[in-house]
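First chain written, first letter: the chains are A, B, C, D, E and F, and each begins at residue 1.
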Amino acid sequence: MDDIPRDSNKDSIWLLESNIDDTTGEALGFTMEKLLKQGAKDVFFTPIFMKKNRPAYQLSILCKEDQVNNMESIIFQNTTTIGIRKVKMNRTILERQKRRINTIYGPVQVKICKFKDREYIYPEYEEIKRICNETGLDFQRIYNEIKKQ
Amino acid sequence: MDDIPRDSNKDSIWLLESNIDDTTGEALGFTMEKLLKQGAKDVFFTPIFMKKNRPAYQLSILCKEDQVNNMESIIFQNTTTIGIRKVKMNRTILERQKRRINTIYGPVQVKICKFKDREYIYPEYEEIKRICNETGLDFQRIYNEIKKQ
Amino acid sequence: MDDIPRDSNKDSIWLLESNIDDTTGEALGFTMEKLLKQGAKDVFFTPIFMKKNRPAYQLSILCKEDQVNNMESIIFQNTTTIGIRKVKMNRTILERQKRRINTIYGPVQVKICKFKDREYIYPEYEEIKRICNETGLDFQRIYNEIKKQ
Amino acid sequence: MDDIPRDSNKDSIWLLESNIDDTTGEALGFTMEKLLKQGAKDVFFTPIFMKKNRPAYQLSILCKEDQVNNMESIIFQNTTTIGIRKVKMNRTILERQKRRINTIYGPVQVKICKFKDREYIYPEYEEIKRICNETGLDFQRIYNEIKKQ
Amino acid sequence: MDDIPRDSNKDSIWLLESNIDDTTGEALGFTMEKLLKQGAKDVFFTPIFMKKNRPAYQLSILCKEDQVNNMESIIFQNTTTIGIRKVKMNRTILERQKRRINTIYGPVQVKICKFKDREYIYPEYEEIKRICNETGLDFQRIYNEIKKQ
Amino acid sequence: MDDIPRDSNKDSIWLLESNIDDTTGEALGFTMEKLLKQGAKDVFFTPIFMKKNRPAYQLSILCKEDQVNNMESIIFQNTTTIGIRKVKMNRTILERQKRRINTIYGPVQVKICKFKDREYIYPEYEEIKRICNETGLDFQRIYNEIKKQ
């Protein structure tokens, strides 16, 4: 596994998972926001079907090793779960830089990733949203205009 | 729409739907059982994603017109929903008969449907389960053995 | 369908649906916010699986009849969909009132629904969130404390 | 509902639905292909959770009124379902034209939709796929290059 | 990872997973029950979309190391899967005790968890269900009444 | 973990996962096909719900260790993801053989698995599909006929 692709980095990340069938969707949405504010790299819900005909959700969190305890505390305090399982995973991430580019909407922040011989430009979501609100134009148009530059 | 396939019947059915983000999976499982006991033709949950990052479930019920009010009462009393939407749908159903057939496991009840020139035999789930429990054999084996007869 | 439950009202609502396999999740999240700001009663996404191995989402909107055209414009402008289907549904909704009640956290707004002989009290989500942020306490605790009053 | 947006058309479409818990995923994939070959406008699967802890799928078909009977026959013959429900829905679709445009990869077929004062250009999926296979380049690059033209 | 939260325990658990596209929902529901009866800590289904347009389910089992072989046997015998993958995960679980408390419905068993400076009380599902059946009252009411004590 | 069931083998497999909220379903379907052509053992999508109300999909790939780098390159080039996480999992797989058997439709290839004292026969999907196309008969009939032999 040592021959990682050029322009990418290798690190590790913890995946925390908990199956939740006795917390409401409202409380789960609140918990997601709290986990993200406290530094979780990513938080997501997966629909699952549990015993006794219970439609439920799996709460998943990606975080660094030194955040695991803090994340667990937030989960135990804001949901009714009593168990969290976790595993350390390898990760490959592309090198990325934030850069400001000039567009017809003024300067816009984008994320630039390199992989092998190519550069990929991803407009930042919050920037597109800001321009949509300022101009009244639609998401697709702004996104495509910025990518063209 | 009058030229319905031979061997099938045409009737109508009500579909009731409610988006639920503030009831737990436990309570939803309980509500499903209650709706079925009270005569719902079918009850099912569909995972949906609602505003404010809320993972939720849509509760759907199929029932006859004279059951609609009763179903609505059960939903309002056992979940936290405050609105139920519904639509009357056309339905095509195959004629089916229950019949007892002889198998190596003794007499077994099956459902027989006719469509065009063919008969389809579906072993009843509860019968397969009973035989699995009595014999210790597995689901696939019993299911296939019965279908062969 | 005339014998509706006491304490509930009967009206109608339009359900708009569109299957979307060529718009990103980012753009869909943006579109949801826009639809809600423009007055949609509810907006939600359902995971679906389409032809050619395409994992996709169904966008669903509930709105009043006089909002249908406006909702359609937003969808056509912010997603890549080229078709929207819709159906008018009956709806039963509980009568509800907003009321301020006194709690150990000060006055709190709740929603009160009546159904048959009972009153159901639902704390408003934004109120719980506000108290969580002010007190640093967790969602479950605040929610349960308010329900007790 | 008569004041439809400019550049869009109004027609109607049938939605057929069936909950399937006793057919395998393999057979469902086969059935989807068959329905599409026979002229279904769209076919998709939605994960649903049914009684007795059964993870299942809802099969949905969109088709014209004169196709309904044929679609039902295919479903009854290739799955184990014994009931299909359906509803006629209104539909708004954008006017679209297929046009060949010149790109750095040669002539490419695209779909052009008009809505209000704008033209939207959607590269045809099969064209992108063909160019990916011919050039060895990746999907995102081809898609974006064509949109730029 | 050694500084685990107070009042919680650290152990490990095996997660077994299998993607299943050629077993019916009926057989999967049966298999879930069998796995739980044989001592699985948890069993759940996740909707997944596989190649060749196959809507499918991932079967997941959480169990102790000495149960892994038995669980695998049940899966191989009751489904059509031919491969099971698995990983050992760390787990944090809250200390919990079962306790009988007095309520207006008589003595009721609850689960009490401690985390940091707080006690969390979770009514047992089977107890709520029993009281619902005995009294004819609804799930939400019983659940909330017991939590209040 | 050494006492593996008879007739099964033990090896290991890598699971690669990536959460994707800024790639379209079209591009994901294309990527799945590419990954399978390049030797992935399995590729599947799981619906997940991410922050900022984004309905998304988790892309999962099962592959051998020497394929990991190649799979990562395909993902980085065809989707907009910038991070892939992965974990090595143990795996138990049944011994299987391909065998041609004679049926009323001529020779047909099947997969035969042994587990404990039993042989399980699974008709190959592509064979069933071929026979359906040749004979015009339906999937269920062909599948069951072949299993009977």
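Going forward, a contact is a pair of C-beta atoms (placed from the backbone, for glycine too) under 8 Å apart; a residue touches a chain by one contact, two chains touch by 3 or more.
Given the structure is predicted, the values throughout are model-derived calculations rather than measurements.
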Most widely separated chain from chain D, with each centre as the mean of CA atoms: E
More contacts between chains, A-D or B-E: B-E
Same-site or different-site touching of chain A by its copy chain B, using the half cut: same
Most distant chain from chain A by Cα centroid: B
Whole-Å gap separating chain A and chain C, where each centre is the average of the chain's CA atoms: 24
Between chain B and chain D, centroid-to-centroid distance (C-alpha), Å: 27
Touching two or more other chains - residue numbers and ranges from chain C: 22-23, 26, 32, 45-47, 49-53, 55-56, 77, 80, 87, 118, 120, 125, 140
Contact graph of the chains (line, ring, star, complete, other): complete
Chain D - residues contacting chain E, complex: 20-26, 28-29, 32-33, 45, 47, 49-50, 52-57, 80
Touching residues (chain side chain A, partner chain D) in the complex: 47, 49, 51-53, 55, 118, 120, 140-141, 144, 147-148
Interfacial residue positions of chain B with respect to chain E in the complex: 23, 26-27, 30-31, 47, 77-80, 125, 128-129, 132, 138-140, 143
Of chain B, residues touching chain D in the complex: 1, 3-5, 8, 13, 15, 32, 36, 42-47, 60, 62, 87-94, 96, 111, 113, 115-116, 118, 120, 122, 125
Chain A - residues contacting chain E, complex: 17, 19, 22, 46-52, 56, 58, 65, 68-69, 72-73, 76-77, 80, 82-87
